[in-house]
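Can you keep this structure in mind? I'll have questions shortly.
In order of appearance the chains are A, B, C and D, and numbering begins at 1 in each one.
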Amino acid sequence: MMNLKVPVIIVNYKTYSEATGKKAVKLSKTAEAVSLESGVNICVAPQAADIASVCDAVSIPVFAQHVDPIVPGSSTGHILLESVKEAGATGTLINHAEKQLKLRDIEAIVARTREAGMVSVVCTSNAAVSEAAAALKPDIISLEPPELIGTGIPVSKSKPDAVTEMVTLVKHVNPCVVTLCGAGITKGEDVAAALKLGTMGVLVASGIVKAKDPRKVLMEFSEAITEAL
Amino acid sequence: MMNLKVPVIIVNYKTYSEATGKKAVKLSKTAEAVSLESGVNICVAPQAADIASVCDAVSIPVFAQHVDPIVPGSSTGHILLESVKEAGATGTLINHAEKQLKLRDIEAIVARTREAGMVSVVCTSNAAVSEAAAALKPDIISLEPPELIGTGIPVSKSKPDAVTEMVTLVKHVNPCVVTLCGAGITKGEDVAAALKLGTMGVLVASGIVKAKDPRKVLMEFSEAITEAL
Amino acid sequence: MMNLKVPVIIVNYKTYSEATGKKAVKLSKTAEAVSLESGVNICVAPQAADIASVCDAVSIPVFAQHVDPIVPGSSTGHILLESVKEAGATGTLINHAEKQLKLRDIEAIVARTREAGMVSVVCTSNAAVSEAAAALKPDIISLEPPELIGTGIPVSKSKPDAVTEMVTLVKHVNPCVVTLCGAGITKGEDVAAALKLGTMGVLVASGIVKAKDPRKVLMEFSEAITEAL
Amino acid sequence: MMNLKVPVIIVNYKTYSEATGKKAVKLSKTAEAVSLESGVNICVAPQAADIASVCDAVSIPVFAQHVDPIVPGSSTGHILLESVKEAGATGTLINHAEKQLKLRDIEAIVARTREAGMVSVVCTSNAAVSEAAAALKPDIISLEPPELIGTGIPVSKSKPDAVTEMVTLVKHVNPCVVTLCGAGITKGEDVAAALKLGTMGVLVASGIVKAKDPRKVLMEFSEAITEAL
């Protein structure tokens, strides 16, 4: 059983300047403060080189953005699950739209993540791909229609049928999988809409990282979750 | 002009268990101790997630094993030059045999590394590829014939002509480029042979990381360099 | 509904010298002769550059080995579904162990193949990956454990449980999908074993292409199928 | 020594509908007719699946758009040099902007192409990459700034300095290499400008394939070459 409290907000830092290095640590402290204040589980996903410093600075769950389908050995330049785990990561994103993976590698990484006692979050682009991913038994599947990423057009309001279909298909294959959605989420009402469609939270990036006041937006998201419960 | 003292020993930690997490820090302290004692420049190249902790622990130059050909922005799961620089890295390996890159991406990464004031080390597989790489004006080119990597058969003794040809071709295209060689280097005499062939040092991995006593081998390498000068 | 007679033997020519150019045409004529004589459906999968000449020479179904996830336009060097269709192909292999694809691209190619009225054969490496692939609704799924490919150790005799599990999981997700298995198939009894495990045929390569007498082996395979019916 | 008459016009068919299947054959016949009439060497580069039918229909040189860095064997779905050679190809494009390759693979493919007695055309994105490519000793290097591809803004008129620099750097490394340029070429005067900058012809795609009257444009290009000689 997955060791991660839901509903959940996962903040993907991507490779944004606003969330690299010291700024990654600062934003993570903000996320932690909002999480403590609101009681809502907020997780952050910084770049590989920032995981250790973020984990040193905060107690909220930290995710890697990607790990490679490798075992320890001769894989110069690749990201080893064990390296992000030892740096303090709780889990990892897998197959993000910006780092898509081969089907077989997704299967291998999900299996390795499970063996390591870590949380796997497989990102998917549509309902059919989500159903396929569910067969691989990850902890979490997050639907992110690529055409909406970074647009500010919320998936939960512009594509509600796609989200509902994803939730239904995933649950049919594997009722244990937690579903999230993402892309274009910038307001509390987008988060509320996501929960109404049957998901257990959101995967968000620019909506927080590039917000003028990330603390305020995270608080708005958290309140939307608290009210929905 | 490159800001890195030569001759140099660069130790690539790959994704070896023996050099991940706390073990990466410990091995880096050993490398630093030998460097201080011998006066020879020893650099280490840990995994992305270990760069920050290694840089916190030691003062010797630290290299990334790879950076992606990206600028800050939406590149989830990729390795941003700025992230490893802020974590403390002095430079980066580029195009290692285990993480080969497109020609155009090598050019882009070398250029970004230069702009960032960092040291670029392009790895190559033979003399023709080295000559091509030299046209891209990296700081260092390291020849590593892939068939010798991890074998313990030293490039500097089993393929001296390939090393000499590489040094000659690289110097012809660009006399400013420092040349190294690697693969199969396990003894001081392999390092001495590398210098005799005209290189300014070695790129080594298992020869140090998997040695019973890495300190002893690093000291042997350093003495070979001191004697050769 | 898929327009392909089962049980079926699909012969993958890979990039073998023995099945390139004129030899691809010759082997296809042999396959056609055995198919006509035995009444068993035998299909061939030559290289892209050989599809047109093979289709000109024989009337049995011809498959591409791969198509890229692209639409007509600016994709120099990629393989367009329309190009292999116009050359005469009936369908295509997708995600072969030697040409693995991203999950999202498999979904896109299966959908394009369906729209084009062509037959999709998704290759998979284990039962979990097969179950995932079934959600994408291809016509055929062929299990080929990569560790057995080219070994002569038949999947149907050495890994019967893996084949049975694959058939069960695929049928559970989508009962319309035809299942095949492959890897190490060299004898009639390997084919008979595959059918007994619930598959509708085999995907074979070196077992036919590199056989001293491909006609004889194809006949043996066909008889095993006829007897099993 | 390269067995290809220069100046030369190479028409890349990409994966355009207008140049797939029967339309590829028709356009190739047009190119042949113009070549015969004008005396200018015009070559065509159709998709892999169209090479055989194009080579059956015309006598002008035919190029593959890409071949993979493989030898005959187990490489399902890849494009084998021998397969396009036997289908009738005279040479191959390598590293087109839409099918970029690893540095080491470019080196391997150029070497294989040379051994097979075929013509290698390495595409490059800027002058530094062209200089690097020249060290690999291909027959032809064609500069195509990616930002101009398909725009109708001719490289030879909008970036004359980049073309001149490319020609100079390539000649310096290897005076035997023939240089071409491409991107945005749609008029005879663009071709004339390319020759004036020191190249020996053009690599063109949409300018011909998507022209209302490809015959007329090809004739205009050919006349520009004849006048320049």
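We take it that a residue touches a chain if its C-beta (ideal position, glycine included) is under 8 Å from a C-beta of that chain, and two chains touch if they have at least 3 such contacts.
Given the structure is predicted, the values throughout are model-derived calculations rather than measurements.
Student: To get from chain B to chain C along touching chains, fewest steps?
Tutor: Graph distance in the chain contact network comes out at 2.
Student: If every chain is reduced to the average of its C-alpha atoms, which one ends up farthest from chain A?
Tutor: D
Student: Roughly how far is chain B from chain D, going centre to centre by Cα mean, in whole Å?
Tutor: Their C-alpha centroids are separated by 37 Å.
Student: Centroid from C-alpha atoms only, then distance chain A to chain D, rounded to Å. What do you get?
Tutor: Roughly 45 Å separates the two chain centres.
Student: Listing for chain C: what residues touch at least two other chains?
Tutor: Expected reply: no residues.
Student: Which of the chains touch, listed as pairs?
Tutor: Pairs of chains that touch one another: A-B, A-C, B-D, C-D.
Student: Where on chain A does chain B make contact in their complex?
Tutor: It comes out as residues 12, 14-17, 20-22, 47-53, 64-66, 70, 72-80, 82-84, 86-87, 93, 96-99, 149-150, 205-206.
Student: Tell me, which parts of chain B touch chain D in their complex?
Tutor: Touch residues, chain B against chain D: 95, 100-107, 124-126, 128-129, 131-137, 169, 173.
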